[in-house]
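Below: a set of structures, written as structure tokens.
Consider the two complexes below, in which subunit A is the common component and subunit B and subunit C are the respective partners.
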Partner chain A sequence: MNTVLPRIAARNLLRQKKRSTLLAGAIAFGIMIVTLINGFAGSFIQNVSENFAYLMGGHVFISGSEYTESGRRISVIRDDSIIMQALSESGQKWSSLQKTSETTATLIFEGKSISQNLTGIDLAHSAMLKERLALVSGSWDNLAWPNAIILSQSVAKKLNVLPGDTVVAQFQTVTGQNNVGEFRLAAVTVDSSFIGSIMTYVQLDYLNSLIGLGKNEYMSLGIMLDNLERSDAFATSLYTSMKGMGLQLFERSTQDENGAMTPFQAMIGSQNSEEWTGTQYRVFTVDDVLAQAKQIVVALDTASVAILIVLFAIVMIGISNSFRMAMYERIREIGTMRAVGVQRNEIRSMFLYEALFLALAGAVVGIILALVVMAILGLITFDPQSPVFLILKRGHLSFYLPPLRALGNIAIIAVLTLVAVYAPANAAAKMPPAEALRTVK
Partner chain B sequence: MPIIELRNVKKDYFLGKVIVPAIKGVSFSIERGDFVSIAGPSGSGKSTILNMIGLIDIPTSGEVIIDGKNTKGMSDQELTRFRHEVLGFIFQSFNLIPVLNVWENIEFPLLLGKTRIPKNEWKEWIDFLIDEVGLGDWRNHKPNELSGGQRQRVAIARALVTKPSIVLADEPTANLDSATGEQIIDLMKKINREIETTFIFSTHDAKIVNIADHIIRLRDGTIIENRRNGEDIIEEGAAVASVEE
Partner chain C sequence: MLSILLTKRNKPLNKLTVILLATMFGLAIGSMPVSAQAKPDPKALLKQLDDLSDFTGKDFSAVFTIVTQKPGEKESVTQTRVFRRDQKEQFLILILLPEVNKGQGYLREDDNVWFYDPTSRKFSHSSMKENLQNTKAKTSDFTLSSFTEDYTVTSMNEGMVGKFPVWVLDLKANTNEVAYDRVVLYIRQDRTMLLKREDYSVNGRLMRTTAYPKYVELEGKLLPSQILILDEINKGEKSQITMTEHSVAPLPDRVFTKAFLEQVSR
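Here is the complex of A and B:
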């Protein structure tokens, strides 16, 4: 391969440093913006899913539904021995399991009240709680109390309640009867997010006894995995395993024509168009719940491509004009090269090489700049109460740039630049050598 | 067999709708190894004749035969390849490639396709040419670091690097002072004698015209004198041209 023309092209770029710097700078800026959006979108779904997984206590969930004698549908897993067997036979690994029951209750203390979602878990043995929640007051030791309750700081403040105080909760049992219970405030936690602040944790056994579930019963089983990306494969494998054991299961899908319109509705048990006897189980993942969040990622990615194209349409006009000027400035050189034996297509290639080098240099600088900006933004610590907390990773913005996406952006820029430069490059190639040599600059 | 033969060559330029005849039907031959001067005042058609011999311009009519090959009807690609193999160029404004240094400028034509010189002899040959034109200490310098005379020496070396049969020099001394111009002509003459390359240069400087073996003098696109080694040459085509006029 003849290397002299690419060499001349590269040196021509350096010859007009100001012009090249400006053009490469424009490309770099565009690539940086697009890379930042891509990087944000890349980590957005992961962070939201991960944060949601911790809030919900799992990456994969199994919930049970059954009809009572009165025809009321309740959420319950009465005997999990087959589920546990299916779990072990699925051959998949998990980090931890969390049994959960839930109810909506009104908490009352000295005339003040607030509505909260009570999540019943095994407080004393939950690794997730200690990992994710920071205490403002109270103690982890208090979680051994049989009627312990953990409130977020904002809720405790509204109720004006302190650790050790007893709070009354008013709620309905699973069969729809009104009931009350007393909870003792064991600890107050930092508000970890908007959603975190409405989460109230209580002892699973105590909650079950109040809402009418048995000692070893619960509503859903959360399975925490070591890797979020395995959720779907894990759920599929578990589903197959459970089905193989003869359990009744809802079809695994994000939407189904008979029942739940969204996974979230499915999760909270609003499926009501079909009936069955015994317990029917649903296997779903945090990603199923967050299908809408995925749409945000798709929107972000689409926006980034649109920005890339609009931004670069503008940059390309500048590049095209600059190369047209360069062609006229170098017209005698072109004539000389043609005279000494450079073919037309080689003249065209020389300009296209120059454009390609410019695009690649701009793109690489743009990506490096984006990585630097990502690193700087990643250092900022956000307020735990910030509404954006759900999209953060341990309180920091995080970015993930899929390598293929970065390469794709570089390819788009390279192609657009080549398209922009093709017309002046072609004009240079078609210039008759004698005419080019006659031209007086 | 002459190395160059022009048969009733005409060249018209179009300025809008106006046709300007630059060469009005000239015929002449040039012998291999000659040192040829195409002389005449500005606008007489010297550069146009050189461009057509150099195959960078195409006659409106007539034939240009180079090294026994009729170039009429050749494609741009064939003409370019033929130029590369047979011709070398020296320009009035030197026309070096500014981003390449002296050595690279001279090497440049070798990198463009087939050459008569085996690749393993390139370095030795370029070094020889650099020494021959007296730029041994300047090989790594860029054109903008050289004087006009030095640049023209680089151009001479570049024109010779592919060992062409013919070197065309369009007013090679016009941008140089007279002393440097004479040195350049002497250098071209020396190389012409040493390696028997045919040199054709255009000039309007009467002092250097007479150094040539063969002088073709033009006025208003026609030949007014065609003299080789002191003797007038009567070309068949030229007679036709004068009858037409």
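Here is the complex of A and C:
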């Protein structure tokens, strides 16, 4: 392989250190910005999905829906034995299962009140709670109380309530009747997040008895997987398994034509026009609920491409002019090279090699700079109450840059630089040697 | 009682004295307001109560001003204009105050209750059982009552509310879909007027007490013009509702439509 031309190109770049540094710096800045956007977009959906999976208690969910005698639709799973059978026959593996019932309640303590979403789970046996929640006061042992309630620190503070105190809750049953319950504060947790702080956990059995559900009934089954990316395949397999067992199921593939709704919203919407007898089940994933968040990722990626093009349109003009100047500066050198037998295409290649090295150096530096900035930004700890918590990973910004995307960006930069330099390189190549040698700077 | 009077004397009374005593006793019984009222049929009494709020064949409209007090909070005033057409069980509740919520509304269309928010220009599902704005009143407090349909009388006793003898009707919900599972009504004996109402939760806890201290007469029907609602769970929270500008003038059909609600909310 002829390495003379690349070596001359590299030498030429080093001869003009200041100019080369400025040009490579412009490329590096552009690629850094684009890489940061790509990195943010790459982790955005993953962080949002994982955070929601934690809040919702699963990656895949099954919920039941049935009509009361008067035609009111309620959410309930009365007998889950066939669901459990379908789960085991689906051949899929999961980390944990969580049965939940929910209601919105007004919590009242000594004249102070606050609206909360009560999530009923088996407190004493929930591994998720002990893994995810850190206690400020109270004890895990208190979770054995039949009317135990776990409040976040901010809610406990607003109500001015301490472990052992009894909080009154006012809410509606599944059929819409008003009811009241008394809950004993078992533990106060650290506010893990903005949404986490509004999550209040109570005993499933006690909540069921208050909202009109039976002891072994519940509203939703959350299935936690070892990997978020498996959720769609898991849901599809489970859906097929449940269908095969003769369970009534809402269509999973329901999509809104104009894309204004998530598949989950579209599924809920389509249910409003359906009627059925008995219990009909829906299987959905955290991604179905968050499909609109994916549109944000697409928008970010599109924006990054637009920024890439605009930034490099400006940079390319600068590179093209610089190379044209370089050509005039080296015109006698070009003439000499041509006179000693260097061919036109070799002169062109020499300029293109220079451009390619410049682009690669700039792109690599840009990516390294982006990684450094990502690492620094990742060190910043955000307030757990911050509304941006959903896009954070354990309270920190996180970035994920798909390798192919980084390589793609480098390729785009290389191609654009070569295009920008092609005209001056071609002009240098076509210059007659005698004319070049006669030129006086 | 008569026999006690008779036996307290050692010597027997003459015939005239016995007749006189019997007459006086009879008059005394007759003049006692509580025991004087024949016990009415509880179902008929409930029906009468429902009929009082029923303007079937006419339209009804009024302005309700709701003053709500909560401990540690500033008193809040909510004002609504209510339009009702009981014939079709339609209603429209338009929020006039507070200014920040002006233009919001509740519309009953068929079996659906819609809430309209002019900011988002969207309708969302609501319910008769939900509290109206930040008050202690429920949407159903402004609409046609349906005790006869929703409840069964489990007991009927006599009692007093202030100086008024009342029938105390204990009601149990017929289905598990009415807002309160148990309701106790205190109905004036001499004239069918609801003086007090107690609402209980599914597990039997008193949640709300409502007093009806003032009434006005409209088209021969008695309507409460002042209502006091006490939250029995969160003690100290209460709402006072005052009704003004009540009318049975006919309303255009378009009043009970989403389009009207959108139009007046602009």
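Everything that follows uses one rule, which is that the second predicted complex is superposed on the first by the 422 of 441 C-alpha atoms of A that agree within 3 Å, B and C clash if a C-alpha of one lies under 4 Å from a C-alpha of the other, contacts with A are read in each partner's own complex, and residues count from 1 in each chain.
Here, a contact is a pair of C-beta atoms (placed from the backbone, for glycine too) under 8 Å apart; a residue touches a chain by one contact, two chains touch by 3 or more.
Given the structure is predicted, the values throughout are model-derived calculations rather than measurements.
Asker: Please tell me, clash or fit, for subunit B and subunit C sharing subunit A in the overlay.
Answerer: By the criteria stated at the top, subunit C and subunit B fit after superposition, with no clash.
Asker: Please compute the subunit B to subunit A to subunit C angle from C-alpha centroids in the superposed arrangement, rounded to the nearest 10 degrees.
Answerer: 150
Asker: Which of the two partners, first being subunit B and second being subunit C, lies in contact with A:Ile8: first, second, both, or neither?
Answerer: Only subunit B; A:Ile8 stays clear of subunit C.
Asker: Pick one for A:Asn178: touches subunit B only (first), subunit C only (second), both, or neither.
Answerer: second
Asker: Classify the contacts of A:Glu333 with the two partner chains as first (subunit B alone), second (subunit C alone), both, or neither.
Answerer: A:Glu333: touches subunit B, not subunit C.
Asker: Can you report the least C-alpha distance between subunit B and subunit C in the superposed arrangement, rounded to whole Å?
Answerer: 69
Asker: Could you tell me which stretches of subunit A are touched by subunit B in one complex and by subunit C in the other?
Answerer: none
Asker: In the complex, go through subunit A and note every residue touching subunit C.
Answerer: Residues of subunit A touching subunit C: 68-70, 72, 106, 108, 111-113, 168, 170, 172-173, 175-181, 210, 212.
Asker: Residues of subunit A touching subunit B in their complex?
Answerer: 2-4, 8, 11-12, 14-15, 332-333, 335-344, 346, 432-434, 437
Asker: Quick check on the complex: what are the subunit B residues that touch subunit A?
Answerer: Contacts found on subunit B: 51, 54, 56-57, 76-77, 80-81, 83-84, 88-89, 91, 93, 95-100, 104, 108-109, 111-113, 158, 162.
Asker: Give the list of subunit C residues in touch with subunit A in this complex.
Answerer: Answer in residue numbers: 71-72, 127, 129, 173, 175-181, 199, 201-203, 205, 207, 233-236.
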